[in-house]
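Common to both upcoming complexes is subunit A, partnered first by subunit B, then by subunit C.
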Partner chain A sequence: MTRREDITSKLDWVTVVLYFVIVILGWLNIYAAIYDASLDLSIFDNSLNSSRQLYFIGGAVILIVVILVMDFRFYETFAYFIYGGVIFTLIFVLLFGTEVAGSQSWFQLGPFRFQPSEFAKFATALALAKYISTLGFRMDEVKNQVFLFAMIAIPAVLIILQGDTGTAMVFAAFMLVLYREGMSPFLLILGVIMGFLFVVTLLVEEKAYLFIAIGVMAVVVIMMGKKTVKRIAMIVAGAVIVAGFITSVDYIIEDILKPHQQNRIKALINPEADPQGAGWNVIQSKIAIGSGGFSGKGFLEGTQTKYDFVPEQSTDFIFCTIGEEHGWVGSLILIGLFVGLMLRVLYLAERQKSRFARVYGYGVACILFFHFSVNIGMTIGLFPVVGIPLPFFSYGGSSLFAFTILLFIFLKLDAHRSQVLTH
Partner chain B sequence: MNDSRKLVIPAVIVLIAVIYLVKLFSIQVLEGKYADAAKGNIIQRVIEYPYRGLIYDRNGKLIVYNTPEYDLTVVPQQVEDLDTAKFCEIFSISREEFTEKMTAAMKYSRVKPSVVIKQLSNEDLAKTEDFLVDFKGFNIQARTTRAYSEPVMANALGYVSEISKRRLDRDTTKYYRQGDYIGQSGLESYYEEILRGKKGVRLKIRNVSGIEKGAWLDGKYDTLSQPGENLHTTIDLDLQKYGEWLMEGKSGSIVAIEPSSGEVLAIVSGPSYDPAQLTGRNYSENFTQISQDTLNPLFNRPLMAQYRPGSIFKVIQAMVALQEGVITPNTRIACNRSIIGCHGPHSNEDLVGAIKHSCNPYFYNVMKRVVNREVSPDPFEDTRIGLAKWNDHIESFGLGSPLGIDLPNEKSGMIPNVGYYDRAYNNRPWKYSNIYSIAIGEGENLVVPIQMANFAAIVANRGFYYVPHLVRSIGDTGEPLPVYQEKNYTTVDPQYFDIAVEAMAKVVDSGTGQYRAKLKDIVVCGKTGTVQNDPLPDHSVFIAFAPRENPQIALSVYVEDAGQGARAAAAIASLMIEKYLIGETERPYIEEFVKKGEFLF
Partner chain C sequence: MNIKKSILLRSRIAFLLVMIFALAIIYKVGHIQTVEGDQWSKIADQITFSNRIIKATRGNIYSDNGSLLATSLPFYRVGFDATRASEETFSEGLDSLALLLSRHFGDLSKESYKRKIKNARAEGRQYIILNRQMVGYQAKKKMENWPIFREGRLGGGIVFEKVDKRFRPFNNLSRRTIGFINENNRGAGLEYSFNDYLAGKDGQALYQKIAGGTWRPVLDGTEVKTENGYDIETTIDINLQDVSETALLRALEYHSADYGTVIVTEVATGEIKAISNLSRNDKGYYYERYNYAVGGLREPGSTFKLVTMLALLEETNISLEDSIDTGEGSYKFYNNIVRDHEAGGYGVITIREAFEKSSNVAMAKLVDKYFGLNPDRFLHYVDELRLSSPLGVQIKGEGMPKIKRPGDKDWSGITLPWMAYGYGLELTPLQTLSIYNAVANDGKLIRPFLVKKIRKADRIYEEFKPQVLNSSICSEETLARLREILEGVVERGTAMNIKNDHYPIAGKTGTAQVLENGRYTHKYLTSFAGYFPADNPKYSAIVLIKNPKGWRQYGSNVAAPVFKEIADNIFARDIGLHEEVQLADSDDGSFPVIRAGLYNELDMLCNELNIAQKPGNFDGWVRTSVENDTINWMGQEPNDKLVPDVKGMTLRDAIYLLESNGLRVRYRGSGRVTRQSAPPGASISKGAEIVIDLS
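Let's turn to the complex of A and B:
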């Protein structure tokens, strides 16, 4: 195992190609999203985001080279340091950061801005992988569970404090990783039930109906089974918990969430209620995508995105450009590319000999999945408008760099998978 | 355990992807509404309003033209830090009105412009332009409105205003849309389709802020607007102005026609209003005020006022009788005032003398001779036959039906015929003794001033007329309109007109017209009329043409409640003739008399 092999021959080129195809398509679509026929500027024109994105892509390539030439043991060895460093920056940005669009999550360095929260994702993934791969780690120990939740929660809470709820939500993706590593599915199922109740609470204006329905269901369930005291007590307790959850969701939405957050959630349920206001983003996004038809209007022929009907058309709503200009076929291809990438990463993760690399790989796949489903889901009205980018595709340096680092650390680990000893 | 979990995560990923693709297929392929919504988002139908045609007088002077006016529009989304109090003060609107307009604009669209204040004039704009930068979201949108070189001719020109709901519903061509402007009366209405041109439509692409981003499909579905054509009228603007000046403070009308062409030289309706009042921002307010005026300035008297013809009718009676051969110019008839009243000292006149003195018994007899020719032994039947013949003659002078002038709402007047009297007498028999008052222009006869001016032109032409008209040519080709090139002959031979001309010359030379209508160098032929108007004073009427040979102008003048035709109407008619033929009056005392307006004594 001492023979140094060329990194290029060990690298998983399938992933690399998928990565570059998505990045280049993203770049073209950033250009399409802002293209103005009356100006007819080139994709390289310095005043356009597409030109800046090209610099970001160049930067990402440099990052890839750096990651690939560094020693693969660095990431495992320094996982906690990296995590600690990122936590420190998150606190720092909270105190000294620049506010952009209502979020205190940016550092301004001359003409450059960057967002440390983007980097918290891979740092957290590394730290979790390191902790789980510790010799003798057992998922069913409560101490371990508390520790893991804390590792996930600390960056998430700091990011919420910055005012960037969307990015904080991404950390929920790690629950899937923990599930893969042996966490009881009870927590996941609980999460799904809570999500369901959450939506029902939003849908039903008059909460009394919900409480009546819960009561009726509880009675029906009691009648259907054995009428032991213990069983009845448990069902009643469950009904009370559900009712309490609904009440607190209602309370949180109406009294704790900021108005713009309330509106985003309400717009998901009924965007037509306020088409000029909170529902605007969702309606315009659906119009743009819906007007693409089966095969789209053609490259640079989209109208809804480039005439600014769709907000944030080169960042969070970049998928609208695909939907409008390339139709259902384009959407299918892009979703196919992402699904292919995620499944490939999962496949690679499963073939790792080291638990560290496998857990980290799952972290990568789950973060990508969360971004993918939330980002595209919101553009077609299946998810509230949450400002998180489409990985590798949306305009923005911080996001591209962070996802590149996230992915290529894993590819580096994968390239060296035969050099590690299994625990 | 972990082996099955390996599969759960990929399964969830694929499941989500499939759900998204199904949802995408539904909104992209199955539901068409998003494609329509996308078009609605970006395509703006911009109506290109063509330039409305201009109106010129006979000498090429501009009468009606277009002037820019400005609408103040607002895009609610762009409004920032608005100082409402200052805004209301500068644009002089009330706070309630402002709030109402803004609410309406907001309701219409937050990103598209709505009109807040309509029709700001150039002056308004100059006053407010400097402040506009302080009012973010407010913009000026230009369009044109009608403007007038002189404050005259309001009724003949008509006005242009927003199309009414009713008119819009009746528009089968579907040309007009709510908010469009349309000619409402006068030439503006009669020549609406020529003046308005043709609207164009441009489909423009605009972005979310309403900013233009070029033509939809490179203008494939655009249509060009066509500017309206200009009207070259027959009006002499100076004469028109002079006529309006003379008619100031009076009710009545002046219609002047060039006999050799039927071209209307002047058409004055009194009282009138400044046509500029019915343009611009104060339209509604002014319209209400004008339409509620008890003197009814919107009533176009030259075409719509119907009067009994009075003594002027005797000239026509004379010619009909000559044509029928029942009298000769030398026929003398005693002024037997026991049959019908008369006026002035005369006893046994010939035809010219009878016209000159307006002898009632003479024309009572003349018409009796025309009507009762004893073609039937039954006196009732005889009258019916005679009256029908008489009617044919009278109607050939353009009486009893609209002449067909190129203005809306022309009244027909009234010449009673056999059917009329049958109805009036409920099919009981009637004869000449029942109907004789029409012989002297009283009774059931009704004429409108334009018909009387046309009659003067017929006499001037010795027997024919062209339909009076205000527009000589459309567009700038100068080609006269063919519809007005046709001569209409009366049933009376030209030789009998010479006698009428002779009589009318006498009226002015030594008869009732001698005091106020006689001119030094020009032979004016005229006839006074005094139309009974109990219990109010009589209407003063005068028809005339001049010069006697090769007449240049024929006219009728009506001054309501002003007494004898020889006074107000004759004075005004002669001043008009002087103005047109000489350029100014040589009798300032007559002008003074007219302007003073004290015609009754």
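Let's turn to the complex of A and C:
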């Protein structure tokens, strides 16, 4: 055994500093988002979200200390236990949870509420990392692929059952991790194609045109190449599959998705079509960001966010406050901070000696990436409005704690990277 | 591709993906903020700036002696522009201003107000709302003298934003006639009918939305000034109105009737002095819901016999002493039978008796005899009395009378005889009354009216004078006989029960079967129309009560006593015996009684009546004391184990409080609680009885 080394000297301080800068900026912006000039309450006023967020930040610091003090081997050893425990709470919350804003995903403990689904992300990342890092693991074995998909799908399905589709979608980010670890890119490409077809289906009202287009394209492709029976059969089969996919997407949207979900997706394509309804959020958000201009209106000077035009202004739409009060420059700085953090995590992941830590690191980066791009994407109309928070930045204890745990477990693993045996 | 290369490629793709997305977002944000920036900013301005309408102050509605029937009370939101005051004024006045604010609103400490104002100034805030609670006019006057505030809007930064509330000082008195108007300009009564005058012209000013969803006025010179509405002076006599409404309500409650109407007009001028319409709701309470007096068309029944007699006396040379055979109380016209109320009939009687006893058979036979071949002649008299068209009163929604004519599809051989005793035609109560008023007014038919003047302050915009519809409805001989037989009804006839020694009454009872869905039901519309004093008529009135319960359902038993009660009251008042109705009982004649009740209600009352009150913030029940014309609140801790102190409360509050504590309440008297049988603070045994005295 080597002498126990001081954790502070091994810790990646670049990440820690980035983390705290983002958290503090988040706190200031939560205050700005809800600031009411006529009431003029201080940022510490107990009735405001900003003061509660400060308590959450304090809690997060305690969590960090705990994570850093615990033995780094704990996380790998108990990865499945943690995963199992979280799955259990997800089932439990489904049965006994409290419903908040249409999602049955909250536990109420006295005055405190928390959302187990937030914690499912790091637990799944740990379990995936553990499984992939087993000796002799090969990504190209079908059995392994099925197992990994199941690991991702179980919490995702449970969260969908709670009614929180947004959080469940985050689990799709793990596909990138699997890709990094050797999964065939074919699956990713397939995913992208499906996404493309999905959007096209939404865009074209009259599905007959789509089918005609597919038919024409198939004929053109057949004419262009050799006219062997096998090739023609393949192309025809492909065209039929595509047509089937479009039909099923149409069916899912019209018959399975709830009306508010349908509207959100449709509003993405054309928010102006229904400015009072589903498009409202996005339009208000764009007005806020757009009115910020190059350098913004200044801290606490924003009007659109505060005056209740923008919904969820301290949680999901917190980016509007930045856009409005600090303009393009502020947005650039914030995006820079996030990109810096993500690239740093990826860089750290690549330097890990243990496969476990590397896979986990990728998991962290992918989850952050997904949250970041979808959250900001929805405020500027790139993505449909999906209720997921901006990591470290949005108001909320569960989300701050979960992201803190996610990130600092990785930093702890990274601090001990030289102490592990490589497989 | 070897494994190492593949992994390197895959990790690079991951890095690249992050960068691509980041760039896409940065590009999109930049696009929204620069290329589309102007467009979004414009929209932002559009939704944060708005040309808002400033409501003009609505005109008041007054009674005949200038008592307020409806008014708009101004309330003010206290806003503050922290950048206005000079450094000197600000630093000198801040302390005392904060103290005064804290005292007035009583919700925040002096320090909090001080910090709030100071911060606002430090940050250059041009508008903060000092307190969301609105203040009354007197409080505003007071505040205008406070430090900093007294420098005014520009020098001190005080912004009083006016918000109007409609208020009826006499509460439900004549509620339907005063009427209402809603935001969509729909309504009823005078508020609706005279809305064009009352409303005034709204102004306009640019407002900016600021935090908390409130709007701040921006004075940029584009504002349109408001023009306040005209006041309306009505003919309503508030005392008479009160007397009529009380008498009507009592009768309705006694007979459990469906609804009732009373109209009192001044004979000489046609001024409507009182108008009351009460209908019963599902819970059995009576309130003003529909203006039956003006809009309610009904078959008048026997009160219409006055018109029949007028036509007969004018057209023929019959004498009141001529006799007529009414047989055994029924007479057959074609296949239909006219019946009299008296079982067995009246036999052979004089025409005078026929009217006084209200014989249907006699009227039907006489009209059939003299007008049967020439119904138009009879209708000529109806037309002369202006009964075939609406009176044209000042309230919108007057009913269109229905009078059949020969040649109409529903005209038949029995139409005219039936019309003789008031069936087969529909009139409004006000129309019937106008005929009785004309008889009282020496034959001069006047259009009844309700609004005397439209004015703004002392400037009269329009004045309404009595309008004569027919200067002489009949010959003087006929008139004298009509008055004779109307007096006879009270002297010897159906309304003998209201005869009194003090002054003579003249009038006619009516008991009409109510037609519902084309069939006559066993419901009756009882009525009495007449005037008094009969020898020198001053007031005419009509009372209608629909569907009284019990076995005596005649105009004489139900409607006539109400008429008598109103007449008695007016008669008594005219010789100086009647006390004026006042807004509320007073201790010393200057200060309204508010002794105990719910804080929220009393607080609102004080604000509405502009009564000074000590600041306070209580949750439930309070008691009060009065110091220097200022209400002082004392909180009352709710405790359902102890008997509460209900002294000074209204019956409603007392019963609510006592019964919610599990006591059964018996009460005596009316007014406010003066004594309670169990002392306050005694412990409660559930279900025990408590007796409270009110006076």
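Details
Here, the second predicted complex is superposed on the first by the 422 of 423 C-alpha atoms of A that agree within 3 Å, B and C clash if a C-alpha of one lies under 4 Å from a C-alpha of the other, contacts with A are read in each partner's own complex, and residues count from 1 in each chain.
Methods note: a residue touches a chain if its C-beta (ideal position, glycine included) is under 8 Å from a C-beta of that chain, and two chains touch if they have at least 3 such contacts.
Nothing here was measured: the structure is a model prediction, and the numbers come from that model.
When both complexes are overlaid on chain A, the residue A:Arg180 reaches subunit B and subunit C alike. Contacts of A:Gly290 after superposition on the shared chain: both subunit B and subunit C are touched. Of the two partner chains placed by the overlay, only subunit C lies in contact with A:Tyr35; subunit B stays clear of it.
In the superposition on chain A, contact of A:Tyr251 is made with neither subunit B nor subunit C.
In the overlay built on the shared chain, the residue A:Phe92 is in contact with neither subunit B nor subunit C.
In the superposition on chain A, A:Trp13 makes contact with neither subunit B nor subunit C.
Shared interface residues of subunit A (contacting subunit B in one complex, subunit C in the other): 36-38, 176, 179-180, 182, 286-294, 303-304, 307-309, 323, 327-328, 331-332, 335, 338-339, 342-343, 346, 350, 362, 365, 369, 372-373, 376-377, 380, 382.
For subunit A in complex with subunit B, the touching residues are 36-38, 176, 179-182, 276, 284, 286-294, 303-304, 307-309, 323-324, 327-328, 331-332, 335-336, 338-339, 342-343, 346, 350, 362, 365-366, 369, 372-373, 376-377, 380, 382.
For subunit C in complex with subunit A, the residues that touch the partner chain are 6-7, 10-11, 14-15, 17-19, 21-22, 24-26, 28-30, 32-34, 36-37, 39-41, 43-44, 47-48, 116, 119-120, 123, 125, 127-129, 209-214.
Touching subunit A in their complex are the following residues of subunit B: 1-2, 5-6, 8-10, 12-14, 16-17, 19-21, 23-25, 27-29, 31, 33-35, 37-39, 41-42, 110-111, 205-209, 213-214.
Within the complex formed with subunit C, the subunit A residues making contact are 35-40, 176, 179-180, 182, 286-294, 303-304, 306-309, 323, 327-328, 331-332, 335, 338-339, 342-343, 346, 350, 362, 365, 369, 372-373, 376-377, 380-382.
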